[in-house]
Amino acid sequence: MGNYLLKRLATLGITVAGIAVVTFFLSLVVPLDPLAAIAGPQAPQETVDRLRVLYGFDQPMYVQFFRYLERLIQGDLGTSFQTGRPVLDDIIQFFPATLELATVAMVIAIGFGIPLGVLSAVYRNSLLDHLSRIISLIGVSMPVFWLGLVLMLVFYFKLGWLPEPGRLDIMLIEPPRITGMLMVDSAIALDWVVFWDALRHAVLPATVLGLFGLAGIARIARSSMLDVLSQEYIKTARIKGLSEFMVILRHGLPNALVPTVIMIGLTYGSLLEGAVLTETIFSWPGLGRYLTTAFLTLDLNAIVGGTMLVAISYSLVNLLVDLLYAYLNPKITLAYADG
Amino acid sequence: MDARVTNQPLLRVEDLCIRFYTLRGVVHALDEITLHVNTGESVGIVGETGCGKSITARGILRLIDPPGRIVKGTVNFEGTDLLSLSERDIRKIRGSQISMIMQEPKMSLNPSMRVGKQVAETLMVHDRSLNKRAARAQALEMLAAVAIPDPGRMSRRYPHELSGGMAQRIMIAMMLVTRPKLLIADEPTSALDVTIQAQIIDLMNDLIEQIGSSVLMISHDLGVVAETCDRVIVMYAGNVVESGRVTDVLRDPQHPYTQGLLKTLPDQVDADDVLFSIEGTVPSLLAPPTGCRFAPRCPHVMERCRVEVPPITPLSSDHDVSCFLHEPG
Amino acid sequence: MAEITAKDALNHDEIRRLRLDARRRYLRDSYVLWRRNPITVVGTLIILTLLLIAAAAPLLATHDPYNQILAERLLPPSADYWFGSDNLGRDIYSRVIHGSRLTLMIAILVAITSGPLGLMIGVVAGYLGGAVDEILMRVADIFLAFPKLILAIAFAAALGAGLENAILAIAIANWPGYARLARAETLAVRNSDYIQAIRVLGAGRLRIMFLHVTPMCLSTLIVRVSLDMGAIILIAAGLGFLGLGAQPPSPEWGLMVSDGRNYIVDQWWVSTLPGTAILIVVLGFNLVGDGLRDILDPHQRQS
């Protein structure tokens, strides 16, 4: 197990190095001249030239690359063209917002997905089952941006049940920043007004973001529960005289949860993708929106820095999921292997 | 063993009829089965795969899942018809009064739960007053009783860490810890190595004697039944064709099927002999033959056999057969 | 032991006939399983409808999708404008109809570029092994380290906005998954008796890889590509929404949703209806994908 972990970490290291290379070369493929974009169409040539020297674009390729690596190791991700601040600062500013959104989305996805899937399996072919399967299928077929618009239309514009796009009401003041996550910080500061408002603002984007994951989790929960319920040990539990409820709770659920947990880990990846589009629609000041704007304005440093962060965290989560699977697996596969 | 045997049937199954309503049609799995087990007795059920042995066992515990249905019959246990009980009441009986051990022990244990806990669970389900520690203590005692070495440590293992024989001991512990009156054993040794089989059979016999349970032993292995049972019931294609004392039935089988079955045992066969096999195959229970279900393969078949179902004919005080060859008169 | 004479062995014709019979039976069983599952049938109907609409677009449209009548902008759905008109006075229904061609084109082009590319790379990596395998798979892993949408956005942004670049970007994001799959299949097949026999007969590596190993991986890959179709369309729509895909005035559905974004409150139809089209099409592909998985499941076939 330890060996496996080391091997995976080494692979991760190589992958991260590769990511750095890829993102660097990505910025070189850009056909447009970003300097002209920054300086503006009116800028005289000297300005552009000075910018070129300032940002180091006058150096030959390999020099640029090594300077890039150098700075990377020191944690310097360069300066963003659009905000004018160091990219690292931007990331630290925006990442917690995405983390908060993703967490609420996960809670929704798991909190509704698992019960839906489990009940679907237990009451197979009932109305609930059919409905949840249809919802799951539709859930993974929906364009995220469209769903966001539709829900915003219904719940904000027409019904007024949920607040406007954004993290917090304009009138309210943010609590002192500890983690950057509004709900956590306001809870620490015992500022419940802000907490409640932040929660209300997060509900809609988190639902949109989480729906895809919910559908996936419900499907896996259902199929793995169905699989588990057909196993011999479920019959044993009934023979022992347990009530159906206890059979499902004590013997069915823990075993069905194993593949579901794996799915939950994989859902994180879909959250990252969805965040990009969701944050754009809901004007959520998170990493997704930052990255999208960076791509659209060809803010190279921001692109490189942001993409690397996304890739690294995605890889880390995948690694965790693999490790989790390896840990949970011997128990399961060995039992089936002898059967 | 004989001293314990009384003549009160602990369990009496009468005219039990179970059918499966599948997409392809109705499967007549059990056709008016009648059998009984006396207190302190050990009864074996033998027959080929698919003859309905396991379904009978599950029917007794009322664990027939759809599309199967118990169409008619009674299962009388200590005076109560189990088929008429509410779900709550029959759950009280399952695991505490009637238990069942199954064929594949490693698949029949929850892979995510420590084995000690699984044994203790049976106790805790039926005795609410028992706290965890007391249940655990009793479970450990039981593990020792089934000859599991180092019960304390073993109880914390997971099923996949055990060998087949160990897992079956756990099953036995799990099912006997409540000292049930009736133990149903559905092919308990079929999935085990031959060397382990004897150990498990001996263990079961010891425990059963200690606890005083009655046993319904289902097996396709006539040897196991001969060793452990007082009486034997022979089933074929959902019917009971012969039943009686083990010694009687095995030494002097009366039903053509039983006779054929015994001939297939490669007991005193010379190297040059051809192994005997009963001609034909088991009929499909989707459209069972009218009349006696063994008629198509019976070497002594008569016209009547194809049309009428032979009734149960008692041959002596404890030997019944279902065959027109033995009809009185 | 008796010798097997020449006339005991099957001749070529018989072998061919047996193989044809087996294939016919396989297809017939597949058809029966397909028909049995209403969900798959619905999905197939949706896709067939899509194909039909794309093919007959000019006939089904009521207006010219590019014609702007500014006096008639942002009109609600009516007898004239079945889906209403957008902010430039164009008929949304006709644009949706014509947009089906774009959607289909993007999906097919991505599939036929990333599929064979991934297949080839995977087979080469799996069969040749060693350093080639390591390098190719590291590259694939690096690509797989990014969520697909983000990678597609990255390449689309880098290459510049536009439909062709978007297709290329999505294909770049897609091939590593297929390469991994093809490699796994190749590894499984590599040591089979069949391949060993051909090697003994003296076939060169290239020949083996492309004439023999590749066809064996084909079916798994085709299934995977069909399952991915829905996801591909969603990514393409996402790119369109961000403005990185087809450019105005193209009637690409994602782009149309983005166009209508500012008018969502009072003129909901501009964004909502094209988005619904995306939903229905992706749903169709997902339903078929699900059904395909069930049909190919050996357990089902045995019953």
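All chains are identified by letter, namely A, B and C, in their written order; residue positions are counted from 1 within each chain.
Going forward, a contact is a pair of C-beta atoms (placed from the backbone, for glycine too) under 8 Å apart; a residue touches a chain by one contact, two chains touch by 3 or more.
Keep in mind the model is a prediction, meaning the values are calculated, not measured.
Q: How many links in the shortest chain of touching chains run from chain B to chain C?
A: Tracing touching chains, the least step count from chain B to chain C comes to 2.
Q: If you tally contacting C-beta pairs, which pair wins, A-B or A-C?
A: If we tally the C-beta pairs in contact for A-B and A-C, the bigger total goes to A-C.
Q: At what distance in angstrom does the C-alpha mean of chain B lie from that of chain A?
A: Going by mean C-alpha positions, chain A sits 55 Å from chain B.
Q: How many angstrom lie between the CA centroids of chain A and chain C, rounded to a whole number?
A: 25
Q: For the complex, which residues does chain B have touching chain A?
A: The contact residues of chain B facing chain A are 61, 63, 91-96, 99-100, 102, 104, 106-113, 121-122, 125-126, 158-161, 164, 171, 174-175.
Q: Show which residues of chain A lie in contact with chain C when the two form their complex.
A: For this pair, the touching residues of chain A are 11, 14-15, 18-19, 21-23, 26-27, 29-32, 137-138, 140-146, 149-150, 152-153, 157, 269-270, 272-273, 276-277, 280-281, 291-292, 295-296, 298, 303, 307, 310-312, 314-315, 318.
Q: In the complex formed with chain B, which residues of chain A make contact?
A: 231-233, 235-243, 246, 250-251, 254-255, 258, 330-332, 334-336, 338-339
Q: Enumerate the contact residues on chain C facing chain A in the complex.
A: Checking each residue of chain C against chain A gives 138-139, 141-143, 145-150, 153-155, 157-160, 230, 234, 237-238, 241-244, 254, 257-258, 261, 264-265, 268, 271-272, 275-276, 278-279, 282-283, 286-287, 290.
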